[in-house]
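Here chain A shows up in two complexes: once beside chain B, once beside chain C.
Take a look at the complex of A and B:
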């Protein structure tokens, strides 16, 4: 089986027609389904949050069979993820896509668990500490995309489980938990 | 005998008829008894055989095929009934019913990918993967037997031969001669181009495009526009072995 680093590629990745958007509806649905699963799996294991359509992305071409996805196909697969709620376009031109292998709500739940497990119920942390601090090391929160994290924090703020306050610069926004 | 008129004559005739019938019944009974005896002997022999080789029959596909052949020669179908002594002895009816259900499952699961046409090789491989836990290996012969039992469901399960390959069809698509020829051609590389079809089969371009379009619509083919030469390739998951892997991913 072909591998990308530690990631095991599925076998359809080696079948050339999967790199051409299929014209027949049922076949295309199946094709899109397989690609959606692959993109989500890959991003989750590699901790990739943003896919830029115009930049080389390891999944979008397979040198072994000399095939790569057309722009149209890339957009179709990502759009399918967007309509599933597993991704969001970051710009109107659909050039950048935010991949949410956990939905924002699920990220929010993860944060709450993290807070409880570390006894931080009434503590203060900076946003940067949540992303890269000692406490989050080894958890899924480690290395989380800043945009995603802020969105999840906003959800929790809305529910009154924390308060976000501004620091002097953008890097040190603070969070006061009250779970 | 000359026909005699009168009551006496009629009575005589009736008596004679009764006697003939009695005699006939006796003869028939004698024959049936003899047959029953022979059948009983045969059956006990076959049972002995089956009992003795039970494990071989269950575990060894080649042996199982030969056993079936032997049964067919003497006119016994061990799969005909699940209630007979075969079921009790071997569970062999269950074996094929179970296999039949698994075949349906595999065909349904791979249908979005191959359009309901799967090569017998691939089907066997996938069944093998599903049945790993059971440890009983299965052969193509077993699959064919199980599929022949599925026919009674009328769901269009059928084995078709294209070139050297056997394909199992699980959708009621009618493949005509043109489609079969394309499938046969595609077996070499897994794909064909319109040019290739025209050249190798001596067809007009309309005929080639038409047949390929139909195969595409039926979900039996996939297009590939990614090759360097810029010519569209039509791939057929049912004849390329990759299909087994793609199927396996989704099972």
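Take a look at the complex of A and C:
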């Protein structure tokens, strides 16, 4: 079976029509569904948060059968993810897409669990520590996109579970948990 | 309908009269009443189409769902009354009368029949044509040539000797003899010249002989191919078949023309086309390009060609009649003639078996591949493929290599587990073919 780095590709990745946006409604719906699953699966395992449409994305072309997705097709598939709430456009021109294999709320729950498991209920951490610190190593939070993380933290702040405070520069924002 | 006064005329599936051998249509009139003023028991026929042929006067009732028809053989007509001119006739619908002895050999007696033309028709030209057809006695020609044909079929090679045997030959002696011989040659030449250029009627008669000849050849070929199919070699059979087809495709004996049909032109043309299209449609598998039928139809009509516009109008009239064919326009704008019994299902079955062969699974099919497999024109094949795609049977692949179609595997994949390949079905077959090819 074909692989993309560590990622195992499904069989239909070698099916040429998979790379042509199908005009027939029913067929296209199924095609979009399969692409959504594949994109989410790939991004989760590869920890990819942002897909830029104008930059080569490994999933969007298959050298083995010499096929690649058109810009229109890429946008269609990502738009489908956006309308499912599993992705967000980062700009109005739809050039960059933020993929949320966990919804923001789910990320927030993950943070709460992480805090509880590590006994950090009343401690202070920097945002950068959550993303790449020793404590988060081996969890899903490790290597999380900063934008996603900040939005999850904001959700928790609203609920009064933590307080975000600014440091001297943008890099060292801190978090005071109060779970 | 007509009691036992008048015999029923046979009609084709689309409501056109079935003509006898050698019979040609002369004129058509719509909304005509046919009755007898003096014989009350004679049927009173209202608002039908009257078709005058060289052999018969046919009256067709078209308003009912299944058209019915009766006819009066022109041979039964004993007198045609000339048109009355009076002040009264200026205002009433034009009418004219003729006398005919009806029934088997005139057993019903002589009846004066009146035709009333309710539509806007030129009665004078109709009566003129009626007169002409009656006077020509074309039905007798038909019988005669029929006898001739059967006669010469039995004893061939004796036809030419008759004239020479009867003429008394003068001896060629002296100057007078030479002169007479010269005179004879000159007279003969003159006679044949006159014969050849006499008038168009003579030419028409010759044409009729040619048609008879062609028909006889066809009959001979048909009987030949059945009786000695085993004895002859393939090449001979091939030429025979070709010849047969050639003869079959020249042959609308009585084409509907603007001249003969007048206002009914498109309607009648439409019916004739419906009858004509049956055979080519069968051969093409139930669907045929409009352009192809245009060529075939005009070829069969010989010199009475129709314009593409007339064809289109004739086709679009089919909706109104109960005919076994229909005009179909594909999404792409391609127009085809399709028999109503033709089903897309059958075509889809063939397409499905075509795209599930190992080669097609791997590389897909193009419209020209499909055209070759299905034995139809590439444009038609593409329409079929697009229709199959619309039904979810196929998926398209557009790439720099071209436009190809694959069997639809997307529907076979389980969206909840995209890595799952079931142990059965076309997806599994495809996976196997792909991994074998590597």
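To be clear about the criterion, the second predicted complex is superposed on the first by the 179 of 179 C-alpha atoms of A that agree within 3 Å, B and C clash if a C-alpha of one lies under 4 Å from a C-alpha of the other, contacts with A are read in each partner's own complex, and residues count from 1 in each chain.
Convention: a contact is a pair of C-beta atoms (placed from the backbone, for glycine too) under 8 Å apart; a residue touches a chain by one contact, two chains touch by 3 or more.
As the structure is a prediction and not an experimental result, all values here were calculated from the model.
Student: Should the pairing of chain B and chain C on chain A count as a clash or a fit in the superposition?
Tutor: clash
Student: Of the partners chain B and chain C, which touch A:84 in the superposed model: first, second, both, neither?
Tutor: neither
Student: Just chain B (first), just chain C (second), both, or neither: which does A:122 touch?
Tutor: Neither partner.
Student: Quick check on the superposed pair: does A:8 touch chain B, chain C, both, or neither? Answer first, second, both or neither.
Tutor: second
Student: For A:30, is the partner it touches chain B (first), chain C (second), both, or none of the two (neither)?
Tutor: A:30 sits against chain B and chain C alike.
Student: Thinking of the overlay built on chain A, is A:172 touched by chain B (first), by chain C (second), by both, or by neither?
Tutor: Neither partner.
Student: One more residue to check, A:41. First (chain B), second (chain C), both or neither?
Tutor: second
Student: Identify the residues of chain A that lie in both the chain B contact region and the chain C contact region.
Tutor: Touching chain B and chain C on chain A: residues 10-12, 14-20, 22-24, 26-27, 30-31, 34, 66-67.
Student: Which part of chain A faces chain B closely enough to touch in the complex?
Tutor: 10-12, 14-20, 22-24, 26-27, 29-31, 34, 66-68
Student: Applying the document's contact rule, which stretches of chain B touch chain A when the two form their complex?
Tutor: Chain B residues touching chain A: 112-113, 115, 191, 216-217, 219, 222-228, 233, 235, 237, 240, 242, 245-246, 248-250.
Student: In the complex formed with chain C, which residues of chain A make contact?
Tutor: Of all residues in chain A, those touching chain C are 8, 10-12, 14-20, 22-24, 26-27, 30-31, 33-34, 37-38, 41, 66-67.
Student: For the complex, give me every residue of chain C touching chain A.
Tutor: Touching chain A from chain C are residues 364, 389-390, 392, 395-401, 404, 406, 408-411, 413, 415, 418-419, 421, 427, 430-431, 434.
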